[in-house]
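Okay, so subunit A shows up in both of these, paired with subunit B first and subunit C after.
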Partner chain A sequence: MLHVYAVTDPEPRPPAVAGVDGAPVATLAQGGLAVAYSRHATAPSPPSPETALVHARVCDDLLAQGLAVLPVRYGTRYADEAALREGVAERRQALGARLDAVRGHVELGLRVLWTPHPDDVEPDGVAVEDGGPGRAYLLRRVAQEQQRQRRREAAEAAAAQVHDPLAAAAREARSEVLATPRLLLSASYLVPRHGVDAFRALVEDMAAAHPDLDVLCTGPWPAYSFGDEPREPRSPV
Partner chain B sequence: MSDPGPLERHREVALVEVIDRVIDKGVVLTGDIVLSVADIDLVYVGLRLLIASEDTARRLGATPAR
Partner chain C sequence: MTDDPVDRVLSRPDALDEMAEEIERLDRRLSRRVNADPDGVERGLAQLVLTLVELLRQLMERQAVRRVEGGTLSDEEIERLGTTFLRLEQRMDELKELFDLTDDDLNLNLGPLGDLL
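Take a look at the complex of A and B:
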């Protein structure tokens, strides 16, 4: 069984690091692309912090070779090389287009935590007038829904203040608002390899301008978040 | 001293970020994804909790963008 790490430009050097379960990492060229994988007699280990790190190190090694790299989601397995070739051939065009999009770029990650206003967390108490418990229930439901929407709108606005200028400075961006109640924004930005310091400076300015937010910038990473075409419009930069 | 040092905190946050990407992001090839959803959920739910926890908020504050 094969465990797949990444799709990349041909021809990568075999990564210097061992793969999952200590298996050596091999590469295979297919239709103008290359794939890094390892061969396993039995099913490779399920995801754990250790195996995730091994997977990530292989992708890092390929990125360090200066290649365009699309990390493959952990758990992608093929029976043998023929099946792997077939799987890559099916998506060759889309993968080639994404490799072109990320070439020369790296991913920077951003997490922004906020402290929601306490009033926004608990639904308003609704003054219940006459009309019985059914009416009271419905009023409460309406109030809860309004509360939820107000909170969502406030979060979208606060997240946009941080995200929009950063997205404009990146080639592409992906973002999610309120993945958890405190995680205002989790986002990834595709930035030129030589533009990492400038982008980080932008993030630091952003953090300084919003002292009420906790801002964490991570990377540079291989383009984990950019394997699919953008849903957000691509910035002209 | 129950509070881990800055380097240790930094490592933990970095590990969470790595796992989040390796498991939840990345290209999905049309292959045999043999991982069950349950496998992923077990790891991933833990991550989400960690990222959302007050403790992590403190850590994030302790390791600002740099």
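Take a look at the complex of A and C:
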């Protein structure tokens, strides 16, 4: 069974670090791409912080070789080399396009916490006391729904203030607003390898301009979040 | 680059612990799955069924909320609809308690599609 780490440019040097469960990492070239993988007699360890770090170190090693790297999701397995070749050949065009997109770039991650306004339970201009319990229940739900909507809009606006200037300075960006009620923005930015310091300065200026927000910026990482083409913005539900 | 994750922190807030808590919370949500192990098969099945029931209940309730907002319902209709949803919610609460399930258990993360509820 093969555990796959990343798709890269050919020809990578075999990574200097061991793979999952101590297995040596090999590489295979297929259709102008290369794949880093390790061979296992039994199923490789399930995902855990430790195994994820081992997986990440292999991707870091490839990135440090100056190659374009697309890390593969942990747990991606193939039966043997022939199946792996076939899998890569099927997605050759898409993988090649994404390698071109991330070449010469690294990923920086951003997490922003905010403190949402305390819940206001009373609905706008409706007297809940009137009528029976059914009416009171439904009007309370109306109020909650309106409040949810207001919070969502406030979050979108606050997140855009942070995200838009950073996204403009990046080659590509991915973002999610309110992954949890406190996590205002989770975003990834694809920036040039040599542009990390400039981007970090932008982040620090932005954090200074928004003292009410907690900002964590991490990297440089291989392009974990950029394996797929950018998605069209989701239409509001 | 070294192995120490701290070397990958470019800019950090004062409240790093709070950030870590929030990311852990997100991590738990992402790794939540319907419990289908043989020992808890009854609870797993209840979780699956109640997840679907809860989805339908919330969709219907949201539709009712929109009709109230639209102002097309009479007071009597609002009372009747509200009573129905109030009882449905109470019944769901009883079932959740019976199978020892929380609201979080009835929400599945659908990856790029976001949360079910």
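We take it that the second predicted complex is superposed on the first by the 221 of 237 C-alpha atoms of A that agree within 3 Å, B and C clash if a C-alpha of one lies under 4 Å from a C-alpha of the other, contacts with A are read in each partner's own complex, and residues count from 1 in each chain.
Note that a residue touches a chain if its C-beta (ideal position, glycine included) is under 8 Å from a C-beta of that chain, and two chains touch if they have at least 3 such contacts.
As the structure is a prediction and not an experimental result, all values here were calculated from the model.
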| item | value |
| --- | --- |
| Contacts of A:H194 with subunit B and subunit C, given as first, second, both or neither | neither |
| First, second, both or neither for A:P133, with subunit B first and subunit C second | second |
| Partner chain(s) touched by A:V88 [first = subunit B, second = subunit C, both, neither] | first |
| Comparison of subunit B and subunit C by subunit A residues contacted | B |
| Partner chain in contact with A:L113 - subunit B first, subunit C second, else both or neither | both |
| Subunit B versus subunit C as contact partner of A:G227, first or second or both or neither | first |
| Touched partner set for A:L216, first subunit B, second subunit C, both or neither | both |
| Contacts of A:R141 with subunit B and subunit C, given as first, second, both or neither | second |
| Touching partner for A:R73 - first (subunit B), second (subunit C), both, neither | first |
| Touched partner set for A:R13, first subunit B, second subunit C, both or neither | neither |
| Shared contact residues on subunit A - subunit B and subunit C | 53, 111, 113, 179-180, 182-183, 200, 203-204, 207, 214-218, 221 |
| Complex interface listing, subunit B residues touching subunit A | 13-15, 17-19, 21-35, 39-40, 43, 48, 51-52, 57, 60-61, 63-66 |
| Subunit A residues within the subunit C interface of the complex | 53, 57, 60, 64, 108, 111, 113, 131-139, 141-142, 145-146, 179-180, 182-183, 186, 196, 200, 203-204, 207, 214-221, 231 |
| Residue numbers on subunit A that touch subunit B, as the complex places them | 4, 7, 43, 46-49, 52-53, 55-56, 70-79, 83-84, 87-88, 90-91, 95, 98, 109, 111, 113, 179-183, 188, 200, 203-204, 207, 214-218, 221, 224-225, 227-228 |
| Residue ranges of subunit C in contact with subunit A within the complex | 1, 3, 8-16, 18-19, 22-23, 25-26, 29, 61-62, 64-65, 68-69, 75, 78-86, 89, 112 |
